[in-house]
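Both of the next two complexes hold subunit A, though its partner changes from subunit B to subunit C.
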Partner chain A sequence: MEASIALSGGPIRRWRPKPLIENPWTRYAVYLAAILYAGIAFGTLDINWARAAEGFERGGRFIAGFFPPDFVSKRVEITEGLIESITMTVVSTAIGIVLSIPVALGAARNLAPLPIYLFCRAIIALSRTFQEIIIAIVFVAMVGFGPLAGMLTLAFATIGFMAKLLAEDIEDIEVAQAEAVRATGASWFQLLAWGIQPQVLPRLIGLSAYRLDINFRESAVLGLVGAGGIGDTLNNSFERYEFDTAAAIMLIIIIIVMGCEYSSSWIRRRVQ
Partner chain B sequence: MPVAVRGGGEKLWMRRTRAGDIVAWFGWLVGVAIVVASFELISQVTIWAFVWDAPAQGADLIGRMFPPRWSYASQLWKPMWDTINMATLGTGLAVLLGVPVAFLAAHNTTPSVVFVRPTAIFVIVFSRSINSLIWALLLVVVFGPGTLAGILSIGLRSIGFIGKLLYEAIEEIDTTQVEAITATGAGRGQVLAWGIVPQIMPAFAGITVFRWDINIREATVLGLVGAGGIGMQLQASINVLAWPQVTVIFALILVTVLASEWLSARVRHAVI
Partner chain C sequence: MGAAETPPPGLMLQISGLTKRYATGDLALTDVSLTVPDGQVMALIGPSGAGKSTLIRCVNRLVEPTGGKVVLNGDDITALGQGALRRARRRMGMIFQEYALVERLSVMENVLSGRLGYVGFWRSYFRRFPQADITEAFRLLARVGLDHMVDKRADALSGGQRQRVGIVRALMQNPELLLVDEPTASLDPKTSRQIMRLVVELCGERGLAAIINIHDVALAQAFAQRIVGLQGGRIVYDGPPDGLTAEVLTTIYGEEDWSKTMSKVEEDAETEPAV
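And then the complex of A and B:
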């Protein structure tokens, strides 16, 4: 490790760990800018502190309202919401993966000609910049309330996510293997099947498992804008002040999310 | 690789054994069946007449969205500034709380593997499994609508993200440096300051900026549940079906997200 030495009045040499930003001018400019920004930001926030202070007392009552979680009285709605969320997740992930593969092939610079590359990159950028919730608002306006809007949203978001990461992986492949396949006189599709697919398949499986996990998390909030799923049930229970039911729904979501996360990371470890 | 022997003693290379083939096909069959059954469930609760109408609805929607009412932008600068502040201050809060949690969760820095580490890991997992919109839903009830609820929900969601990635970075440090510092007779605090912190600083800066970029996106929609920022204007415009205003908001969000993504990519490129 490098360290900068500061001579401080005498033979004792003081050592300091190397700072992250080496140029002291830049470093102090960054610090100053950060402090200045924090000051301005706090100054312009209109926070109602009286209301916030009241919040702690409210919060206590609110948390008390959560206990004990009530799984029973709304179990029909909860089950329906969960089934909607899970079916949305499964279908959207499947459709998203199938559609993302051609986009990924088009967005890999080593496979696609420039116009196709730019077109596919534009699709990816469009799908990645907007939050799922915003896309869901548009789909709800188009196809009506319900899980179909949520499914379309998640499928659209999956395309951008999968295609971007898969395209990066395709661009990073071992060129020698693809070259060897090409040298046998293989056509473009044979090149895909024998030179590229075996190299990116583990990553594709890992990403799919990861995206399945993300899609379930997202499906739990799309209900807030009317796109179906358990989020709808959660939002309803908040609006009716049934906090014990809301607590039960949140617990269910947390447990499923944890389960998904563990299994998806297990799958990723197995294949990569 | 399995080999099938043909009648005339001719050998044929196969990718899988016959049993392997059957297992693979069965796996695909089950997978496709699950997707089709899930889609069937979604389709039962969908009003298909609305969906067939979607192209007309979409065209109608686009017709209403254009031309955008650009003059509305003058009312959006303050909400946009609030949105950016929510993301930035929320990230700051998450750094303050998430860094200690990360050190408590990492195997090589935790004071106790039996009690402290599982608690820290639980905090991380809990924070990660609740989407920031759900955090916002809760906090708006507690603290009232406004930016404070937004800052806190961004912060609470990001603790888990920063904590998880940072503790993984801490666990992957080069141990020889730590040993060298320990060999000089340094105490625990000195080992931390000289052996560990300089090694994880680039990862820390990268993770923070990455999360800040994600938080900008999330902050744009928190207003939908009342947690301040431009989402509140979005919700208000959608409620009164003011689609030309929605277009302006979408355009502003798009520009902000692209700018923050560019900035975060620049910073990550510089530090890693």
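And then the complex of A and C:
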């Protein structure tokens, strides 16, 4: 290395990547503060090692209760729960997508005038602010226990999710293509169908498949607050200490979620 | 052609006092007045930012002019409401820089999109265009040598092929006037000449007037009947192609050694007989 530098003749020009924080005093002060904070924070944790050791044993017994998983003795309840969950998922995803499209159009700044834009963004914000569980509790209070509450919850959450991501895709379209369609004398709806839909359709399909997968997972959780589906069945089996049935239900959920995951990523790859 | 009430004979487009100020405060066009007679192919040259694109977009109101009047074959475009404006846009075919085809649609769909102003929403949505439109699409695609690619997706075509599709889309509107925005900006020199020749030939065949924005002075001189030079949003030259002297080019573009461009222009003029 020295030799090659010597050959080039000039003075040695060294180089190091620029640090994130330029001033070395500030830099090391920040590192020190971070380490100190971590140390103090760890110190405030009150860990009772004896209790933890005892807990390990109890946790072990709890997990042992899951084996062997029992698919058979509650098969009617499991099947009913599953069918309810799948129905809830499909219906809520379909309704959510249909409702999210006009919201997405309104929430795209390049299509909508400012008042409509603000209104649609407010719908999206409202739908995204609250966790599904909280929305589900509200709907359970409104329409009672059962899958209707779960379906309404998932449809509502789907609107915010789909509309936000679709609106962002609409804002990213190639303006020239839409402009060319406008220049032919096309109406506003023709502009949507010819200038914008072809550009965002792959994203819409991909997002729909992804949301279907999310909604199934959520439907399993929503049962915990009485919003119907396989989650209800799971919750009941825990309450009756039927851990072997609970294990079977969880295995089924895992398999279905994995199936959704693979098929939705396959669909997304295919539609480009 | 359009059923305009007593158009002034032979005047396809009259622009008077056209001014455009963008929301950012930039004055893109200042009091531009221009008349294009029937069947004339006019090249609009000028440096980037001179207002060439704004000018042709003000003609079909893709950009709303701030002031002035645009009259197409006797109809005041600037006074039209939304519905009437859409009907007026059918009469002005537009060809774009970088083609502006809808990439995920097929060649045929892109071509038929030129008929959107004539076909209702549901018919267009389900691609049920009248047979006359489809026959015309095949005829024009054959004319530009692309009738074997109707079902190819637009993004699978080469640059020259895409621009041909763009030209056919504009012609499908059965326009009276072509607005052409930098048609050769992303094409190689040979394809650029072919595309320019095709546009000029088609204008000749159909008796169309055209305004062509173009960067390449030599191409403009070789193919246009008239040159208009735009600088800082004002017209600084309006005359025949051979009137572009070094002084004129300096007024349009600024100080530069124009002798190279000029000599190239003369060679081109010799090898390329005026169309």
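Here is the rule we use: the second predicted complex is superposed on the first by the 219 of 272 C-alpha atoms of A that agree within 3 Å, B and C clash if a C-alpha of one lies under 4 Å from a C-alpha of the other, contacts with A are read in each partner's own complex, and residues count from 1 in each chain.
Simple rule for what comes next: contacts are C-beta pairs under 8 Å (C-beta built on N, C-alpha and C of every residue); 3 or more make two chains touch, one makes a residue touch a chain.
Because the structure is predicted, anything quoted here is derived from the model rather than measured.
Asker: Under the stated touch criterion, which partner chain does A:Gly144 make contact with: subunit B (first), subunit C (second), both, or neither?
Answerer: In the superposition, A:Gly144 touches subunit B alone.
Asker: With both structures fitted on chain A, tell me whether subunit B or subunit C touches more of subunit A's residues.
Answerer: Comparing touch counts on subunit A for subunit B and subunit C gives B.
Asker: Contact-wise, after the overlay, does A:Ile78 reach subunit B, subunit C, both or neither (first, second, both, neither)?
Answerer: In the superposed model, A:Ile78 contacts neither subunit B nor subunit C.
Asker: Output check: A:Asn48 vs subunit B and subunit C. Expected answer is one of first, second, both, neither. What do you get?
Answerer: A:Asn48: touches subunit B, not subunit C.
Asker: Once chain A of both complexes is superposed, is A:Ile86 in touch with subunit B (first), subunit C (second), both, or neither?
Answerer: It touches subunit B, and subunit C stays clear.
Asker: Applying the document's contact rule, which stretches of subunit A touch subunit C when the two form their complex?
Answerer: 174, 176-177, 179-187, 189-190, 193-195, 198-199, 201-202
Asker: Mind listing the subunit B positions that touch subunit A in their complex?
Answerer: Touching subunit A: residues 31, 34-35, 38-39, 41-43, 45-47, 50-51, 54, 57-58, 61, 81-82, 85, 88-89, 92, 125-126, 128-131, 133-134, 137-138, 141-144, 146-148, 177, 193-194, 197-198, 201-202, 205, 217-218, 220-221, 224-225, 234, 238, 250, 253-254, 257-258, 261, 271 of subunit B.
Asker: How about subunit C: which of its residues touch subunit A in the complex?
Answerer: 60, 62, 86-90, 92, 94, 96-98, 100-105, 109, 113-118, 121, 124-125, 166, 169, 173, 179
Asker: Within their complex, state which residues of subunit A touch subunit B.
Answerer: Subunit A residues touching subunit B: 1, 17-18, 20, 37-38, 41-42, 44-48, 51-52, 55, 58-59, 62, 83-84, 86-88, 90-91, 94, 129-131, 133-134, 137-138, 141-144, 146-148, 151, 217-218, 220-221, 224-225, 228, 234-235, 238, 250, 253-254, 257-258, 261.
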